[in-house]
Structure formats: structure tokens, C-alpha cells
Amino acid sequence: MAQAGQPDPAAAIEMAKQEMDYRVNLFNAMVSSCYEKCIDKRYKDGELSVGENSCIDRCSSKYWQVTGIVGQMLGAQGGMQ
Amino acid sequence: MAQAGQPDPAAAIEMAKQEMDYRVNLFNAMVSSCYEKCIDKRYKDGELSVGENSCIDRCSSKYWQVTGIVGQMLGAQGGMQ
Amino acid sequence: MAQAGQPDPAAAIEMAKQEMDYRVNLFNAMVSSCYEKCIDKRYKDGELSVGENSCIDRCSSKYWQVTGIVGQMLGAQGGMQ
Amino acid sequence: IEQMQVRDSLRMYNSLVERCFRDCVSEFRSKDLNAGEEKCVQSCATKFMKHSARVGIRFGELSSEAESQMQAMMQQQQAGK
Amino acid sequence: IEQMQVRDSLRMYNSLVERCFRDCVSEFRSKDLNAGEEKCVQSCATKFMKHSARVGIRFGELSSEAESQMQAMMQQQQAGK
Amino acid sequence: IEQMQVRDSLRMYNSLVERCFRDCVSEFRSKDLNAGEEKCVQSCATKFMKHSARVGIRFGELSSEAESQMQAMMQQQQAGK
């Protein structure tokens, strides 16, 4: 008896799973992209420098903005085939 | 009561899924491989040039041939361990 | 009626799957990491040279040791968030 | 099957974001994308979608070619019996 | 959902090992890690975890910002009705 | 479990194709592989399979070594109780 606005539980769980899957992938991609851009690979010690820390903050913000731009473009043309 | 030539439905669905999964992966690999080989990364605009377009066609064709060669080699030695 | 030391079968199967998934991923990562480090990409023929073979053996061993070091570090701080 | 398609288009979206971020953003003196980066991301995304679409067409052609070859071969085998 | 988290943390562990191996180990004259490689792997793993944690904080902030913007927009739409 | 093995061998097949294509094909003036490219792909695939097999043997040895160490440790713990 699913009605508009009241989806059945199985579909809701499936959607929640996909939402979470998407978010995990986005986070992982952000981690590895910003690692490439910001981290000094000489590994003298295990500390993040001041410069690396501020790079990480800005990189996360810019990465997020890129997902927004691309999301809008795909939304505008009705999803990606 | 599964007989040769008449596999049971669950197994058939599973096979269809794997077939589709395989094709999606192949397609994605083709997309990213040919992107690396053919696309100018300076992104002055969003158009594909004539050269890029013909490169994409040839690249797709060559990629397909490589899957054929590798598939034959693996088939000949009875699958890959 | 699951008791400590006697987990229920479904959970046990799930754990076995994850264990296997983990081992497959580890193996695949080892294969591709050592391929990058050891294999001459000019592909004059299909044989592995003596140098490549001994590099593969040492690379596998070192890769395994790295998983050990990282595993210990993550275990020490109670898993990775 | 439908779930697989959602999952695959999300995966493609993620890889598009990753790629265009990597190719277009490389300066982290501010937390917002500058005009050049924004334009680059848009061109990159457009180009990537056009590229994917073209590979998709070629992929379809190559698949159906392969299928007719397969059928021709099977008919020959039948005839040869 | 819990299974997904286990799977994801295993995936992250694997990618950490792969990355630190690639960046720290490049000599295969012996089958054991030398002292420098071992220290490099430790610094790399520590740095990667600190990096991930920081991206995680930013990711949380950006997500909740986006959510409040979304809600504000929806309230405006309601009010405009 | 069996399904996982099929999936994993398909994944390996895909990664083999991707790698050998990337390393062997870099000219797109025609839509067919030339003789040199074809030979290169064959050598690459053969080499990759031999490489995987060797890593597989080492992986097995390292796993069973680790297991016996684990068992020895557990027996010591038992004895020490």
C-alpha cells in the first residue's frame, strides 16, 4: 500500500544504503585527492605541517565545490547516461 | 529439476548480473583508458576536436581488440588462476 | 541461542566472506604494487628475467611486512575511523 | 539491475569529479574556486560526458558486431553437424 | 550497514598499505624492510590517518552546512506558496 | 563464495586488459592494432600471468607462516595460564 510520500520500507532501506555508499565514496575520493595535492611525500615524521593543514582545509572546500558544479550540470541535463 | 540447457532461474539471474557487471566494467575501463590516450587536458572549452573524435573511435576499436586477444589467451589456458 | 564462542551461522558466513574479500584485495594490491616495482614494461618477450623473479620474491615479502606494521599501528589505536 | 545502474552512474559521477578536480585545481591559497578553475571544471565535465557518450556508441557497435559474428559461427557449427 | 563499515575500513586499510608501500619502498636487494623504510612507513601511516581525520572533520562541516542551506531553501518555498 | 571467485577473476581480467593496453598501445592512426602492438599485448599478458602466479605462491607461503606463528603464540598463552 505504498503511497506518494510514504515509500515502502525495503525501498527506503535501499535508498539509504545507496546514499551512504555515495557519501563514503565521495569522502574516500576527497581523502585521496587532497592527499595527492597537499601532502609532502618525504615522510620525515608523522606530523602534518601548518602548510599541509591549511592546504587540507582549502582542498576539502574546493573539492566540495567541484562536486556541486558537476552535480548541477548533470542535474540540468537530466542525469548522466 | 534443473536439466542441461535449462538452468534454474536463480542461477540464470546471477549469470546475467555477472555478465552485466563485466560489461559495465569493460565499458568504464574503455572510457577512462581512451580518455587518457585521446583527450587534451587543457580544457579550453567543452568541445571535442576532430582529432579527439577520431582518436576516440580508433582507441575504442583497439581496446576491444585487446580484450579479444587477452580473452583468447586466458581461454586457451583454461581460465586465469 | 548464540553464545560466546559459538556465533550463529549467518554471522559466521558473513565474517568468512569479509575475511576472504580482505585477502583477495590484499593479494590484488600486492600483485599490482609489485608489478609496478619489478616488471620491465618494454615487453620484448613473455618471460620473467632472473632479476624480475627475485625482485618479485623480495617485493612480496616487503609488502607483507608493511601490512603487518600498518595493521599493528591501527590495532594499537583501536581501529581506524 | 536497476540498483546496479544507480550505483554505476554514481560511480561515474564520482570518477568524473575526481578527474576534473585533479586536472583543474592545483592552487590552495584560498578556500573558493577561482574563475579559471570553475571554467576548467565545466569544460572538463562537458568534455568527459561527450567522450563517454561517443565511447558508448562505439561500444554498442562493437558489441553487436561481435554478437553477429558469434551467431554466424554457431550456425556454421550447426550446419557442419 | 555495519557490514559496509567493516568493508570500508578494510578498503581504507588496503589503500593505506598500498600508498605507503609505493612511497616508501623502492629497493629490492633484500627481503626485509630496512630501518629507513620501516620508519618511512610508520610516518606515512600516521600522516595518512591524521590527514583522513582532518578531511573527515571538514567533510562533516560541509555536509551540515549544505543540509541547513537545503532546509532554508525548502522553508522559503513553503512560505512562498 | 563461488560467485566471488568469478567476480574476482573477471576483475583481474579487466585490470590485465587495462594495463597491457596502456603500456602497449599509444598510436591512433588506424583502427586496428599493428603487429608490434599485438605482440606487445601478448608478451604483457603472459608476463602478467606469470607474475601473478609467482606472487600467489609467495602469498600462500607468507600466509601459512603467519598462521603457524599465530598458533605458536596461542599455545604459549595457553601454557602460560
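For reference, chains read A, B, C, D, E and F in written order, and residue numbers begin at 1 within each chain.
Everything below uses one rule, namely that a residue touches a chain if its C-beta (ideal position, glycine included) is under 8 Å from a C-beta of that chain, and two chains touch if they have at least 3 such contacts.
Not measured: the values here are computed from a predicted model.
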Equivalent interface to B-D, taken from A-D, C-E or A-E so that over half of the residue contact pairs match: A-E
Report which interface contains more C-beta contacts, comparing C-E against A-E. C-E
Measuring between mean CA coordinates, which chain is farthest from subunit C? D
Where subunit D and subunit F are represented by their mean Cα positions, the distance between them in whole Å: 26
Just how far, in Å, is the C-alpha centre of subunit F from the one of subunit B? 19
Multi-chain touching residues of subunit C, meaning two or more other chains, are 21, 38, 57, 61
Could you pull out the residues of subunit D that touch at least 2 other chains? 11-12, 24, 42, 45-46, 52, 56
Please list every chain around the ring, with subunit A first and subunit E second. A, E, C, F, B, D
In the complex with subunit C, residue positions of subunit F that touch it: 1, 4, 8, 11-12, 15, 19, 23-24, 40, 42-48, 50-52, 54-56, 58-59, 62-63
Looking at the complex, which residues from subunit B come into contact with subunit D? 17, 20-21, 23-24, 27-28, 30-32, 34-35, 38-39, 41, 43-48, 52-53, 56-57, 60-61, 64
Residue numbers of subunit F touching subunit B in their complex, please. 3, 6-7, 9-14, 16-18, 20-22, 24-26, 28-33, 37-38, 41-42, 45-46, 49, 52-53, 56
In the complex, the residues of subunit B that touch subunit F are 14, 18, 21-22, 25-26, 29, 33, 36-38, 54-55, 57-59, 61-63, 65-67, 69-71, 73-74, 77, 79-81
